[in-house]
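Shared chain: chain A. Partners: chain B in the first complex, chain C in the second.
Up next is the complex of A and B:
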């Protein structure tokens, strides 16, 4: 047991990793219990399908990757904002606006030829950045809490984009709901490896952006400035950092990433934008992914892949259990990761105590000799 | 002219119940935020209230063959209690576990609709819970009063009167009782309140769970008056309640006014095609739905400096920080 305490003392980050894993386990246990209550007979096989079904063949893995890509991006969007001390609950809105920008280019600008999809994806990033930028401007210059403004902006974007899609994309040509072939994210070699799945190079775009964010945050002055503002706005200000500008930049970037997620979701051939009365949920799941991934790019990628896998598992388990079980599990996981701060303090306290006790041990041994 | 009046009373017959539901949720938010805890879980709490209300009306109501208005009472009470119990999870996380209040609330917001749809599909086969839509009632004598009579007492909902009573009680508690003063002082400065002998933890539990109670009540009220085909979702009405609370600057009477205005927008969004004048203007539903949120943003942008929000909002209480 002491070895564990020593290990944790040397690597404080391991507590966070443990509490993330614990949150996932609690979520899964909760889901399993619920399944046992609903249908005791099929609970075990249904649960096994959720966990392992996605890995049964390459086609399922293709689906997993396809689901994971936008989630990793919204997770990165939230995580990036966290790193700079901001809470981006508005990823859904940024994603929605990004989706509109991407679709607009994807439906209309077919003269672009081979670079069409790249321009469409960049347009999605611009759309998301604009929407995130509003939150940033309000926070920096009008002192409006970013959570509150993001909630309002999520709903404004929902209805505004519905309006825009109806007027500029669906108008008079219901066939044009999906982007033209040249604007779709290319499948690359993915459709040969993961035959039968909609997988495309989206997952690589997500990985690339994770890598870029990692470099920007850890190896550039710009990233350092953004993080300093997150640590302490006043301290950064006195260190000569333009803290207001930094906040706006953070939200521009977080918004752009969420916008790209919107691009990945809708610049495809198999899904069209639905005029909906509900906010796109991927933005909220991004919060869960960022939390579970401890706001680090690698953690977010892993958490995103986990999410993709239980999403696909939920699909596969539909003959045993209703697919909403997956959403319930995710919600419980988020709840327990919210509690993880306490868990960290709790474990941290134990470790410091154990470490205080430890120096006595050698002397005891000395006495016995 | 008579066409205008009939249009108006048509709109109001829907706007009043929606206003009541929104106001209840918003007053719930007021309780929680006054104690210093942000409660963006109101949307989930409202869904939970509506969901339990729907289950009670349908299954318990049918099993016991209850009369209509008794079912309404059962739905309202059950929804409120369910909301209160559900909000305890948020209270526990944010008060005792120092959790990030936004995150634990987000968990509740995702949990409630998922559980509602999951249960509805498991129990009834579809995600929709249909309840009857015959809960309106006429109050004898009072409905003969000119103008007000037909508006408030003819084909009215029980929840409307409950809502008005709640508004009066909440305003009274808020400004005229020791409890209200203590609640507000906890939200403004918990450390100072503690030094005066107020139990901050208890006040915050009270604030959050009272908000759960009112949120659940609002959900059940909306269900029986406006949404008798419960889909596991109220289309973000809980967040609209939050917008009302902010626009009303955390003051009960202003909340009442904004609840009315925003409910009007919501109803017009659904009905504008069947209303002569508005149909001719030709604005789409989406525009009317968008308006309340855009308005709240503008309020936030231009009046954030004079904001009446409780000072310690969103900060976990730390006794050692003085």
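Up next is the complex of A and C:
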């Protein structure tokens, strides 16, 4: 055990990783207890289904990947903003606007032929960027807190997009029209590998964007500027960085990523955009995914895949437990992941304590020498 | 011997570092005892042990000649020990009275009653000449005033032994004088005071005895009237320190900076703070803007570097009109800037040191190629500056900047700005809060830079520094240039009068 503490003490980042893992474990345990209370008889088998069901065959894995892709993107959107010192709580709104832009192009611009889906996805990115950009402009030039403005814009986007759909791409029965075939995200070879699942190349788009963000943030001068402004607006300004422009850029990019998530969710054949009174949840889930993934692209990918697996597990477990219970379990895990910061502190305290108790022995040896 | 506190053979080890190594400290009753040492010498650790925040690995503490077991600050309070921390522990939105009684409230039928406390505070305030109004909100009073509230808080709790941790760090010179008077009154009333500082001048003025620590080790305890400034400095730093800066006569050449009738308005408060300011600085000279803090110096520099826009007037750099230039364009045109607030402007504290070393130059080759950062070049550059400017840190270029001591942070900024070889180097309060070793180093580097035929412009609120460095002195008062002086021809007293606005001079 001591070796573990020493390792953690030497590599401070490992505390964060451990705390994320701990959050997931606590969430699962809590979920299991909940299932025991609600339906003691089927709890064990239901729980096992949630955990392992998604990996039982390739079809399930296909579903997992399909669920994970947009969540990875909203997680990246939030994480990217975090890295540049901004809290993007408006990923839902950006996703919604992006979805409308994507759908509009996807429904109407069928003259585009084989590049139709690419243009539709780019349109989704533009929609998200516009919506994120509003928050960015307000923050940079009017000092409006981005949390407040982006959460309010979530509601604006909800009703605005409902209205736009009714006017332009309404299919009746509270649904938007589905994109024509040429605008759907291609399945590539995914439909042969994961036969029977809706999996498409969306997951690769998500991974590609994660890689690009990682490179931009860590290896380019542009990323250096964004991070500088995020860490200290005053010092960045002193250094001659145009800090206002940088904030706008951060939000444009975060919005674009969330917009692409909206594109991935609705540029498909099996699901249509519903006119609804609720904000699309994937945007908020992105916050939890970013926290759980410690705002690093790799972490967000892992957290997004985990989320996808729980979602798919939830589908399968409905044989044993009611749908609501599955949703509560997912919510609890998400909740605990948001609490991973506390776990971090907790583990950190243990380590400092262990290290405090330890060093006496070697120091005495040192003296006797 | 009657001792208020004796700390005998105290040792405290943290992983990887012996913060206190067999330290002795004896505080006599009724004396002011200074604890002197550079940053990181172990002063704060020792005081934290006395105050029960840390537990010593070895050693003994005696309070009032009795062995004492102090495991937390409450124990310390019970023994009559009070501490004023460097960063005050006051609730901004509470009144002075509420802050003082916090944790010691009187109640009647479970309702707070203030009258007795208010009376006691008034009496104490009068007795020690603290001039504290118990009903003012802490947010509305000055830093010096807040410190007096902290002192009053200790007295209210009947502390006999007072610890003051770097009490003058955030005070203005006038507030420092007031504090010194208060400490003398406290001593007269029989309180025992431990005064932690690295400022020799204050220690020479106020203390009876002084214990010196260096790198966690006990060096000596001396009687102040039997020692000298130089001896204290040598014991603190471990080598002889030059207090009079060696520099040759300036050989001013052509003009680098010329400001004509520059006006600056603070964009937040909308106050007109720099008024019709005209000045020139030349190659090969150190030009010092002297004055009392808050007379427009900060905004002058902001206007000059582009952090604030100027309302009117012109700024020329080497004949080039830079008035409309952005911050970056000015930096590239030849301005280096050591900012007044190194943590707000000068450094990004959570970045590794190497990123801070390219803060303005990351967009230039060799630090980037085609938009990509060149990490080898950045590392080499940083290592070179670390070596050249003796920047000490735990893990070199990769160290998180926040973990560096104030002196090393400042040396890092100094190195970065000097290395850019700009024609004009601006340095605002370049040695504020630093210990003598670092001050000496920075002053020497500034003179060196001058001797490479660069123009050095310094803003300083510290008269010692002004006279030590300046080839020419400009006094700024209420945003105006009230006169330019030759340091050899103006007395400190006269300069003080100009700074206070009671004398106006002619441009020379």
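To be clear about the criterion, the second predicted complex is superposed on the first by the 324 of 369 C-alpha atoms of A that agree within 3 Å, B and C clash if a C-alpha of one lies under 4 Å from a C-alpha of the other, contacts with A are read in each partner's own complex, and residues count from 1 in each chain.
Operating definition for what follows: a residue touches a chain if its C-beta (ideal position, glycine included) is under 8 Å from a C-beta of that chain, and two chains touch if they have at least 3 such contacts.
Computed from a predicted structure; not experimentally measured.
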(request) Name the contact category of A:19: first (chain B only), second (chain C only), both, or neither. (result) neither
(message) Contact-wise, after the overlay, does A:148 reach chain B, chain C, both or neither (first, second, both, neither)?
(response) first
(request) Using the superposition on chain A described above, determine whether A:277 touches chain B (first), chain C (second), both, or neither. (result) first
(request) Classify the contacts of A:231 with the two partner chains as first (chain B alone), second (chain C alone), both, or neither. (result) second
(message) Under the stated touch criterion, which partner chain does A:222 make contact with: chain B (first), chain C (second), both, or neither?
(response) second
(request) In the overlay, work out which of chain B or chain C sits against more residues of chain A. (result) B
(request) Examine A:60 and indicate which partner it touches, taking first as chain B and second as chain C; both and neither are also allowed. (result) neither
(request) Tell me which partner A:331 touches in the superposition: chain B (first), chain C (second), both or neither. (result) first
(request) Under the touch definition given earlier, write down the residues of chain A that touch chain C in their complex. (result) 9, 219-222, 224-225, 227-228, 231-232, 234-242, 355, 359-360, 363
(request) Please name which positions on chain B make contact with chain A in the complex. (result) 38, 40, 89, 93, 96-100, 102-104, 106-111, 113-115, 117-118, 121-122, 233, 235-236, 239-240, 242-243, 246, 284, 286-287, 289-290, 293-294, 296-297, 300-302, 304-305, 314
(message) Using the touch definition from the top, list the residues of chain A that touch chain B in their complex.
(response) 34, 38, 87, 89, 138, 142-145, 147-149, 151-156, 158-160, 162-163, 166, 277-279, 281, 284-285, 287-288, 291, 322, 324-325, 327-328, 330-332, 334-335, 337-339, 341-342, 345
(message) Quick check: in the complex, which residue numbers of chain C touch chain A?
(response) 13, 15, 57, 305, 307, 326-329, 331, 337, 339, 344-351, 355, 359-360, 362-363, 368, 371-373
